[in-house]
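Heads up, there are several structures right after this.
Look at the two complexes coming up: chain A is in both, with chain B in one and chain C in the other.
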Partner chain A sequence: MTIFRVILLHFWKYKWLILPLAIVFFLIAAMFSQFSDQGEFESQSLRITVVDYSESESSEALIDYLEHGNQVEVVNDKARSTLEEAVFLSEIHGAIIIDPNFEDLVQQGDAAVEIISDERATASTQLETEISKVLMFMNAQYNELGQLDTEQLDTALNERVEVSLNDDGLASSEENYNNAAAYSNFAAYWLMLLLMLTIGNLMSEYNKPELQKRIIAAPVSSTSSAIQILSSQSLVGIFATLIMFFGLVGLYYDRLDGIPLGKILVALLLITLFTLAMQFAINALTTNRFMVNGLANLITLGLAFMSGIFVPIELFGDTARRVAEFLPLYHYTQIYGASDITWSETIPSIAVLLLYTVAFLIIGIIFNNQRKSTQL
Partner chain B sequence: MISVDKVVKRYKDVIALDHFSFHAGKNEIVGLLGPNGCGKTTAINCMLSLLKFDQGTIELFGQPVNPNNNKTKARIGIVPQELAIFEKLNVVENVDFFCGLYVKNPAKRKELVDEAINFVGLEKYRKFTPGHLSGGLKRRLNIACGIAHKPDILFLDEPTVAVDAQSRNFILDGVKKMKDQGTTVIYTTHYLEEAEDLCDSFVIMDNGRNIAAGSLEDLQNSISTTESITVKFISEPDNLKELLENIKNVNQVIKSNNTYNIQFDKNNNNLTNLIHFIEENSLTYTEIRSEQPSLSNIFLELTGKELRD
Partner chain C sequence: MNLLRLTKYLLLINFKDFGFLFWTIAYPLVLVTIFMATTANLGSNELSDIDVGVDSQYEYTAVLEEIEFINVQEMTESNARTDLSDEAITGYISSDGSLLVEGSGFEQTVLESVLNQVHQTGTLGVSPENFNYETDFIQTTDMDTEPQVVMFYSTIAMISLYTMFTSMELISSMRPNLSTMGARFSASPFSKSLYILASSLASLVLGLFSSGIVIGFLMIFYQDNLFNNLPATLGIVLAANFAGLGLGYIIGLTPKVNINVKSIFPVVLIVGLAFLAGLMGPGLRGMINQQAPLINQLNPLAHITDSIYRVNLMGNFDGYWMTILYLVGITLVSALITLVALRRKQYDNI
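This part shows the complex of A and B:
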């Protein structure tokens, strides 16, 4: 167990690299966990300018409704550019130009008003919602009664309904899942970076020809040596995986509904095994420490970006998305791809990750044998 | 202890070892000498079963070498020329790891590790990592890692390269002590004076072949360069040069003022014969100095080149 011990001892020597990385990770994760549930929307009083070219009963009804809770200025004529400038300068939240054929257009269900607003502001959404609500009711009345009853319209628009939500579990469990998925995505990047940096540096020293000469000359069989190396690395990998997993459980202990914990654990274990196999292949290729560190950053960052770890895959173009489907980290995310994903649905992704692991192991063994035959 | 018989090792078309043979007994320090690329390291790697060879036999402790013979491997120590130590581990951890490859019992291992550290004089630096040690101290650590398990055969490959005089003396004294404790040492070096002082016997290699082997005396007798004696006379008869030339084995006499350099054909009681001649002729002298051919002379004559060529 001498080789096993010395590799663990080396990991311990890297504690000042591992600890800050772990602390930063959990601080970020804890912050996201705290603030993820704070999104709220509250309607506000809007400053609106209305240019009424219709001056009909219907347009007055629309203006009357908008005057509830908002500051409305009605004008008969105003240049469009002036209105746009006022919106641009934030003097008003929006302007409405009512078409001269307002009533006809409403009856036909066509665009009857033009809204000028800053689409980036939430006020724009509020204004559009209010107007479309009025127009829908008007259209419905025309269709049903053949004319507009302003009293009935006013009643319908201002009617309030008591709504009590019996159960909001579905929405909150979806939110829990989204948070846990984001955590697990980032955890994979962290695990890969940590393992590749520590194991890469450690093994680049361990595989130095002069050290290997001493180790091979000692009475330790190559099988025993390989088993000790593999088991010590796996132990560290599993330990890191469990820290990530229980970190998730700890952060979301009161919001575990909807989180596929079993699948996340399997995904974390598989990505750890994949990383160990890939690092084995890299170490068989080179013992140059700079190369090892460079590759660790390049591969982890590259894979993370291209597999939708940092940027949602939905934002990718078709080609990038097709490429991502061939990458191991993409399949890692697919193992917990939905809150209600079943084990049978995860099998293809698990198989792909296992295949990648085996492929890198084989590449590593081939290069390792080649390196050993040339170094002595 | 070590028997290498007509070993041939080829790297494609290049012959690294060409029917190389040598033998080393118990408690012997054997100097393996030869210019760069002569096959020393290949020979050592074959003996350590790190390399397969094409022909011949190598036996250690009467057993043919075999990479799977852990019993034999457990009795061998190796100190490579390059520093073979972990940069992140301190002195104790380094020695403990390499000793641990041979000795499983923790208590016994601790004892051996302490002993090895004291043996190379690193007791003050136990918690130092190699990065905080000088070049000489790193070399000592390199040696401690190879000897901690008390091997019966130790391969020392250029252990004194790039070390200060103090560390060099420390290392050479240590090697002598190991010999006294019963270890057979195979020692390769470029420093011939160092080898001459340390080794009991020598193997001189060139182009993968063993071109001479034996004790220093054996080697001196095997070459044409022989003993020369220089005498500074006080009283000298006119025909002294002729008289000296008549002494047994004298090959040539070179006179310079009252100093005579007498060169002999063979290394056989020459000094005794000369002193007897001086007494017989009632001659007086102030200085008499005998010079045997050095390992450098031997090496030069046998290989036709300096060791550093």
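This part shows the complex of A and C:
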């Protein structure tokens, strides 16, 4: 078991990289889990920046209304370019510039505010609907009373229709499932990157000709050597998988309804095995550090993007979507593709992942044998 | 050997390394190609018509029918529940005006907002003739969002910092306690300062070359013009390549760490910084900027990304020179630390 122990000891060298990576992952996952809904209808909150040049009673009434349920930043002055940039980058849904003559303009029935937003977006329609309503109500009060009645305006604006969900329980568990699926998607990327970088660099050192010649001369059979290498890598892989899995359970311990935990665990284990097999093949092909690091980044990022981990697959074009269906990471996500998915429905995706794993193992064995024969 | 000749040989050595070429040229090109293929439709969550079921007894059906983006159809509650589950309709309005939806979302919120307005109009207590339904109280400025461009700019920012790898290798290879070459080197009369200068120059040329290739590739193949201000972009890229050199020196100084372990650090660091700056999509960047703005205020990659899109897409030079100064500052501080650490180093044994 010397090789087994040595490989594990080498893994320990990477602790100061693995630990921060794991901490950053869980911090991000925890941040995302803070935003999850709790199974009741919530109006979509808008991120808005308001520049109030009027600072009048009526502009404050408008801002007060917008502050209900939205994230509103109110400033007295801000460069137009800064507002446009924030909208352009989707950092805010819209910027509102309130004219200095706001009250007069509302009274006269003229444009009193400027909205900077992406008019194609649903959020823009929501923002315009809300502001138009308030301004129309203010104008109506000026027309009827000759002045603004903020109390009555406030009473009217607080009158809201009752909104209920079609199935409260189902919606709640669906929300839990969506959060867990997002976590698991992200966890796969993280696991693959971590394993490919650490194992890739470790094995590129291990496979160097000078060390391999000594190993060949040592009284250890190649089968025993391969078993020890693979079992040590698998042990590390399974350990990392369990951390990711129990991280999910820990973060969502109070809302596990609707989360297919068993399928997520199987998916995580399968993607770990696939990564180990793929890295085995890569290590058989090259010991070049730049290649190992480049491939680790390219494969993990490429697969994550092409499989809909970072960008929803619904936004892909037809060709990109068809390509995605052939990728292992896509099938990984399909193992827990719905909250009520059955084991029989997951079999095709599990089979595809296993086939990929076996294929890479075979490729790895072939290239490994070729490499050994050339070294001798 | 003079500086230029040494630089030329170092460049040739790097160009002959297939792994190095793959990492600095092929990898960024494949990455931006993947981005182009997957982010074409990322722009905006567009509003489509909202399909709504209403009870036959609902009194404001005629008002809803007047709204251009709402399609109204009468149905029973049981049918509506099935249609909601099948996502055939966005909401169902019962006879008392309450709304039934399948979940939270923008379309549901817009529908709720419209219904609120219908009911609030009555509560306001103003006679109908005083409402100006035809008046437009808002002046709109359309700003088409393109959050996906951040991914391309952060890729360029990421590649610009790749000089980190060559400078890290350089410093590691010069340390007698870390490499055989370093041991031989320290015993030879070869000028160390000349070697550091030539290596840094070669590394800078390679960094600018790979950044230039990716910028050229995007200029030719990306559907929109991402580089309206190329000279300013190249200025930032040059400063970023310098900063990459500096950061690589610092990593290379790490004592008693194997080069394989050491080489993962810049990979993780750059991917992590790029991740926070928007490489993996705009969602996380937006969240970080809101929840923990200090992170991206310190993140050099976020500064580079922000400056590139500002000068190119917004014509805005606010913060441009501050970013250049920040990057040059990183280089100078790193170079100073490196010089102090390497100066007159003696070893009892190697």
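One rule holds for everything that comes next: the second predicted complex is superposed on the first by the 246 of 376 C-alpha atoms of A that agree within 3 Å, B and C clash if a C-alpha of one lies under 4 Å from a C-alpha of the other, contacts with A are read in each partner's own complex, and residues count from 1 in each chain.
The rule is simple: a contact is a pair of C-beta atoms (placed from the backbone, for glycine too) under 8 Å apart; a residue touches a chain by one contact, two chains touch by 3 or more.
As the structure is a prediction and not an experimental result, all values here were calculated from the model.
Participant: State whether A:L197 touches chain B only (first), chain C only (second), both chains, or neither.
Facilitator: second
Participant: After superposing on the shared chain, does chain C or chain B touch more chain A residues?
Facilitator: The partner that reaches more residues of chain A in the superposed model: C.
Participant: In the superposed arrangement, does A:E205 touch chain B (first), chain C (second), both or neither?
Facilitator: both
Participant: On the A-aligned overlay, A:I23 touches which partner chain: chain B = first, chain C = second, or both, or neither?
Facilitator: In the superposition, A:I23 contacts neither chain B nor chain C.
Participant: So, A:F305: does it touch chain B (first), chain C (second), both, or neither?
Facilitator: second
Participant: Considering only the touch criterion stated at the top, classify A:L9 as touching first (chain B), second (chain C), both, or neither.
Facilitator: Only chain B is touched by A:L9; chain C is not.
Participant: Given the touch rule stated above, what does A:I216 touch, chain B (first), chain C (second), both, or neither?
Facilitator: In the superposed model, A:I216 contacts chain B only, not chain C.
Participant: Would you sort A:V358 into first (chain B), second (chain C), both or neither based on which partner it touches?
Facilitator: neither
Participant: Check chain A for residues that touch chain B in one structure and chain C in the other, and list them.
Facilitator: 13, 205
Participant: Which residues of chain B touch chain A once you look at their complex with the stated criterion?
Facilitator: 45, 48-51, 67-68, 70-71, 73-74, 76, 78, 80, 82-89, 93, 97-98, 100-102, 145-146
Participant: In their shared complex, at which residues does chain A touch chain C?
Facilitator: Within the complex, chain A touches chain C at residues 13-14, 17, 20-21, 24, 28, 31-32, 37, 41-44, 47, 71, 79, 81-82, 84-85, 87-91, 105-106, 109-126, 128-133, 135-137, 139-141, 143-144, 152-153, 155-157, 159-167, 171, 174-175, 193, 197-198, 201-202, 204-205, 286, 288-298, 301-302, 304-306, 310-311, 315-317, 319-320, 323.
Participant: Mind listing the chain C positions that touch chain A in their complex?
Facilitator: 17-20, 22-23, 26-27, 30-31, 34-35, 37-47, 69, 81, 84-85, 97-110, 112-117, 119-121, 123-127, 130-133, 135-147, 150, 165, 258-261, 263-265, 267-268, 271-272, 280-282, 284-287, 289-291, 309-310, 313-314, 316, 318
Participant: What residues on chain A touch chain B, complex-wise?
Facilitator: So the residues of chain A in touch with chain B come to 2-3, 5-6, 9-10, 13, 205-206, 208-211, 213-221, 376.
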